[in-house]
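Labels A, B, C and D are assigned to the chains in the order they are written; within every chain, residues are numbered from 1.
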Amino acid sequence: MQVNKRKIINDPVYGFINIPSELIFDLIQHPYFQRLRRIKQLGLTHLVYPGALHTRFHHSLGAMHLMQEAIAVLKMKGQKITHEEEEAVLIAILLHDAGHGPFSHALEHAIIKGSSHEDISGLIMQELNRNFNGRLETGIAIFQHKYPKKFLSQLVSSQLDMDRLDYLSRDSFFTGVSEGVIGTQRIIKMLNVSGGNLVVEEKGIYSIEKYIIARRIMYWQVYLHKTVLSAENMLIKILERAKYLTKEGKELFATPALSFFLKNQPGSIEAFNQPEILNHFTNLDDFDILASIKTWTNDPDKVLSSLCKRLIDRNLYRCVIQADAFDYFFIEDLKEKITSILQLKSEELIYFFISDTTSNYAYNIGHDKIFILSKDGKVNEIGAASDHLNISVLSKATTKHFICYPKDI
Amino acid sequence: MQVNKRKIINDPVYGFINIPSELIFDLIQHPYFQRLRRIKQLGLTHLVYPGALHTRFHHSLGAMHLMQEAIAVLKMKGQKITHEEEEAVLIAILLHDAGHGPFSHALEHAIIKGSSHEDISGLIMQELNRNFNGRLETGIAIFQHKYPKKFLSQLVSSQLDMDRLDYLSRDSFFTGVSEGVIGTQRIIKMLNVSGGNLVVEEKGIYSIEKYIIARRIMYWQVYLHKTVLSAENMLIKILERAKYLTKEGKELFATPALSFFLKNQPGSIEAFNQPEILNHFTNLDDFDILASIKTWTNDPDKVLSSLCKRLIDRNLYRCVIQADAFDYFFIEDLKEKITSILQLKSEELIYFFISDTTSNYAYNIGHDKIFILSKDGKVNEIGAASDHLNISVLSKATTKHFICYPKDI
Amino acid sequence: MQVNKRKIINDPVYGFINIPSELIFDLIQHPYFQRLRRIKQLGLTHLVYPGALHTRFHHSLGAMHLMQEAIAVLKMKGQKITHEEEEAVLIAILLHDAGHGPFSHALEHAIIKGSSHEDISGLIMQELNRNFNGRLETGIAIFQHKYPKKFLSQLVSSQLDMDRLDYLSRDSFFTGVSEGVIGTQRIIKMLNVSGGNLVVEEKGIYSIEKYIIARRIMYWQVYLHKTVLSAENMLIKILERAKYLTKEGKELFATPALSFFLKNQPGSIEAFNQPEILNHFTNLDDFDILASIKTWTNDPDKVLSSLCKRLIDRNLYRCVIQADAFDYFFIEDLKEKITSILQLKSEELIYFFISDTTSNYAYNIGHDKIFILSKDGKVNEIGAASDHLNISVLSKATTKHFICYPKDI
Amino acid sequence: MQVNKRKIINDPVYGFINIPSELIFDLIQHPYFQRLRRIKQLGLTHLVYPGALHTRFHHSLGAMHLMQEAIAVLKMKGQKITHEEEEAVLIAILLHDAGHGPFSHALEHAIIKGSSHEDISGLIMQELNRNFNGRLETGIAIFQHKYPKKFLSQLVSSQLDMDRLDYLSRDSFFTGVSEGVIGTQRIIKMLNVSGGNLVVEEKGIYSIEKYIIARRIMYWQVYLHKTVLSAENMLIKILERAKYLTKEGKELFATPALSFFLKNQPGSIEAFNQPEILNHFTNLDDFDILASIKTWTNDPDKVLSSLCKRLIDRNLYRCVIQADAFDYFFIEDLKEKITSILQLKSEELIYFFISDTTSNYAYNIGHDKIFILSKDGKVNEIGAASDHLNISVLSKATTKHFICYPKDI
């Protein structure tokens, strides 16, 4: 029986992923984790990069795999990590994304207002901890950065955690954007601990530089690609319209889980203390959203059906993105044109004209830093240690302005 | 405007795929083709190989890409292929899978009885031909093996067509099963035409041998993997139960497209002449099925909800597979045990005990053959040309017997 | 100091190779092992596959890397392997090719008659054992199949050893022949020990089948490629002519190590007990041979200079290869033509007309077998366990006849 | 006959390389080009990255392959390029490195003083032009930037030429340093011509940024790796000592080609007008150097034999590299220590203590620039077009100081 749980999973990115313990096998088997099979890692990015259909499930397993490697490296370098701590840090990374909703970031605030997916992951881990008789205590402490050995929490979330290492590699692999390839294996081999903090040995500095650049490139080439921005904003608008119509008393076709959230809008993380909300949330995934949208393409509400038809047929809004804010009169003219051509009521314009900003950080100075350990034992922040990168430039968020509207304008 | 339609698509398998003409761009944009984005190439295989989420959409583009390469090779070798023929053969391969229903092969006969996906692809091409003013005529002739230049049809479907070359490479890539890697590029470079037929030059013989072996290995390691067999048979059982309940007068939650097919069971390809059937079929995809199944996990019918819950939570039936037929008394005992433990009515057993056979051909002698062109111009069938393969062994279908039933027995 | 010896080496095939102990570091640093940097793994194969310049040095490190993985798998499965045994088996595989001479197999019997490279590896290991105060004892016992735990020796040399697994992967990588790609990682994960013998678990059977086929394909596509056959036979002829001229009293330009072997022809492995022979042998590598041949392109002996010029300028003999023996009269006519066109003396013809046979085994039934461990604990030979392979066909050596002669005939 | 010359070559980097014309086949077959098979692309880098044994021959073919792709892209975008121009630009890139001497850059100025390899490539092309009856005229004009269509020359040599694109990809592949992977295919697809100059379309800007960073990283991680610096400086010292001894009247063992250059030291490119010099140069390669060095390990001159023994046995000098100049007194102390421990005469110290600087540019502002073509047709230098890169930082050469000396000090 026990042997059966030591499974090996084929992974095109790393070759094979081992399931290291019976408890972890049982967590993977749990419906809360299996749900992640139905949540795409990159939302609607596959509309631009057709290979990008990989899921939070696969990413979470991948991050756990890298964590196994990182722990092995640190132990080989003399770091004391108990068997219990090892299992706990694997659990923490395995479940770090359990709180993601449908289409990952795309709908993060459209369904549940005011709660980040990390907060929800925390709640789900608490619930699992009850189911598994307290065996997730240490994992939760590590996840919440409350465990004495700081470096364990930093492996789970920091500027250089196993989450980021996996998603850069994996997103690069499935999109086919070779610009995002990073030296994951080398970075992990260069990890160490100094003063209780996770550090990178000096020899790994080039790989870290490359990692920071690769992340920045992936932001603009993939994560914030303008066609993806357009599709995901259209998806948000669809849900806004559906909620609006529901509020107006209209009964829309929807799966039970989605129906619940169209009618109820939990405003804070506390709401999850009601079992009903947690229950519906852990039943909600990409399939509820898309199956409902497909049905709404025939809805009598013209706004809703038009939006849904455009998204399903990939007749996406044109997206213009630029460094500076758009000219006020240009925007006003455009709005008038859209309203008139599509014969919209004025309150309907918000569904057909989207205007917002987006920004990214390749490296965030304010946040947890990446530290470099030099041969003489001194520890420096990457910005000070690197001769080649201008970290002050890279850590400045580049904000861009964008507008989206129907192509037929 | 025209320039916009010469798009380049990122593909992790081949790097980039070019859209070669405006007509092809318009076909790709058509909702009939966009639907293939929502049909997974390998049904439920991702329950075993989590990367295997790629779609018929991606595969069709990939096969079109290989076709472009193959045509370039043949033209370079002096074969006369007009511009119109080239576009037509690209259209034929692009649309060859347009008739696939949800989860590809898994449900091929569960929703529409008696029609193969190729037949339905043909009907959909006819419909598109009407929409595009007859511009698909030649493509359809090639697809239906009615065009004088036989080799063009053979590139679309034969023992060595661009369909098979793409799916072996792509399935191998996304599952991570390196045993399926084939020398696609080399095989294409070795293609030629002799006596009007597609042939492979003698130098490519090793690659063909490897291709035949790789196909056979992919069958047993991926396509007929016992856990996949189990999941897909459970999926079929779910739809059978849903149809049964519908027939009994029960109104099940379902998306409109699925609802239609639960109530109507077109028994032959002719049924597609009713626009309503074609319309519903081209709206049906993986999302309809899975969203409905998720809802049915709470259905009052215990058989249906139990089956659905097991599938959604990946609590799959145990599958035993063996070369010989199972012992009669062993089976009868097992059936009794299942009925008694699960407290089933006798007519419900068929949902909890599955018994069937499965088989594969690595190379099918009866069917269109693979021909090798030797340096002196003679053409031989691969079985005769190869010193190394025992084609008679490889072309014998290996039939295996399998049974599936709940693990808790 | 000790830390310094725990190096990591970049390897494009596996990512990174770890040097696991100080003793192994010192062995790698030894001139006997460093010499392998100057011996190409695949002789003159790079004349056909220009990437195939990798060395015995790199292969030996790679095989050691796989051995580390295999040992880790067996230990995880409960096999008892002491630290001393682990280091010993790593040493055995590391040094298994130390006895290879210039251009690996190409000149195996042209320089030293009657001794295989394995015999010479054994002698070199003995010599190193003396230098390292007996610390190689266990490694030598394993290498010579004299150690009680048979499976350790089988990991070093058998039908499925780390040597073969590495060279197939590595040769495939550097030649770019994707047909040779095997599932190394999966095979290693499926290794186990039963009855003291190395076995493969049943789940790995497809990978083993693929491995046997891949080996066979690599033989015909790479190892016995007719242009490589031609080049390597020309190389042998050059050395034969040089030895002949030396015997006739002619003083040829040659590096000291090569000069020694032109004048002295050790006829058996015992000759290596003379320190002079071992010393010269361990100084001889590809560079001695090629630098001398380059010089001989201007030698006054027309036969020697003509052969050398052809090889250096890659003006290689035409090679014809076929399943049946060549027709006697065809050969006699050809010989006459060559003699007359090139104006040769009759005793010179042997340098310009080569006729021989070559053969390969994909799987050798007579030799150590590959055993499959089924789930019920039974062990079967692969031929009995496989439904798909016709092992009796694959294990039959295919012998081919070939002739080589100048293209200008 | 003609058909025979349309060969396909296996390349692990790009899959296959086509030889596009008979003339190019004949140039590849010429001994001047075949010589490049015996010159490693990266000198002694393989002492650190054991896979880095690839040659100028392979690189030149690879660059020609990329050129074929680039020309196809430009033609598809409407650029007029005649068949003659196409063959000429392929010839120019094919032969651009024909003037490299042994170990590529490592010995660039150690054997022939004052002539760059580009100058010598030019002379060799002239010589080939005479052999091939003037058919290389246009290729030479393009190579020398004297052809009216500037962009053709820029494809051969500029900040973004096919030379750089190939060597970054190839060096990254064979070293296994994934940090150097660039999006070659994407960059080529984004090439265009504007105002007669080669430009990159705006969509390719991220790939260009990544390319600039990857180049910088490859400099520090591979090209200027301190162990490689040490080995290559030792190699230079060996040749200096050999020349010194020769000048002193000592007759060293050497192959004829090397012997010539030990005795004659052509001081300028004009010297190549003497056929003897060109003849010896085109016979000189890595094998002459290494075979001679191996022999010199037993030379009676202690300085020479000690240097050679250290290099052959990979007992390399320790190399210390730092941003600032070394402290004067530290250096003087070190020199004294070396002289005393090794019991050197004062004039021998230069062979055992090396002190120099090294520097790199990732992007050189002064030199030919990389231009970005925006959608509105404007052309900007990459530094102005990129939001993300601080080109002024990247284009500043980073100079580093290094010293090398025996480890036993």
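Everything below uses one rule, namely that a contact is a pair of C-beta atoms (placed from the backbone, for glycine too) under 8 Å apart; a residue touches a chain by one contact, two chains touch by 3 or more.
No experiment lies behind these values; they were computed from the predicted model shown.
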{"item": "Common touching chains of subunit D and subunit A", "value": "B, C"}
{"item": "Most distant chain from subunit D by Cα centroid", "value": "B"}
{"item": "Selected pair, greater C-beta contact count between A-B and B-C", "value": "A-B"}
{"item": "Whole-Å gap between the CA centroids of subunit A and subunit C", "value": "50"}
{"item": "Euclidean distance of C-alpha centroids - subunit A vs subunit B, Å", "value": "32"}
{"item": "Interchain centroid distance [CA atoms averaged], subunit B/subunit C, Å", "value": "43"}
{"item": "Where subunit A touches two or more other chains, by residue", "value": "15, 177, 186"}
{"item": "Of all residues in subunit B, those that touch subunit C in their complex", "value": "177-179, 181-183, 186, 206-207, 209-210, 213-214, 216-217, 220-221, 323, 362, 387-388, 390, 393-394, 398"}
{"item": "Residues of subunit C touching subunit D in the complex", "value": "9-13, 15, 29, 31, 34, 37-38, 46-51, 53-55, 57-58, 61, 173-177, 253, 255-257, 283, 285, 287-288, 290-292, 294-295, 298, 312-315"}
{"item": "Contact footprint of subunit A on subunit C as seen in their complex", "value": "8, 15-16, 185-186, 189"}
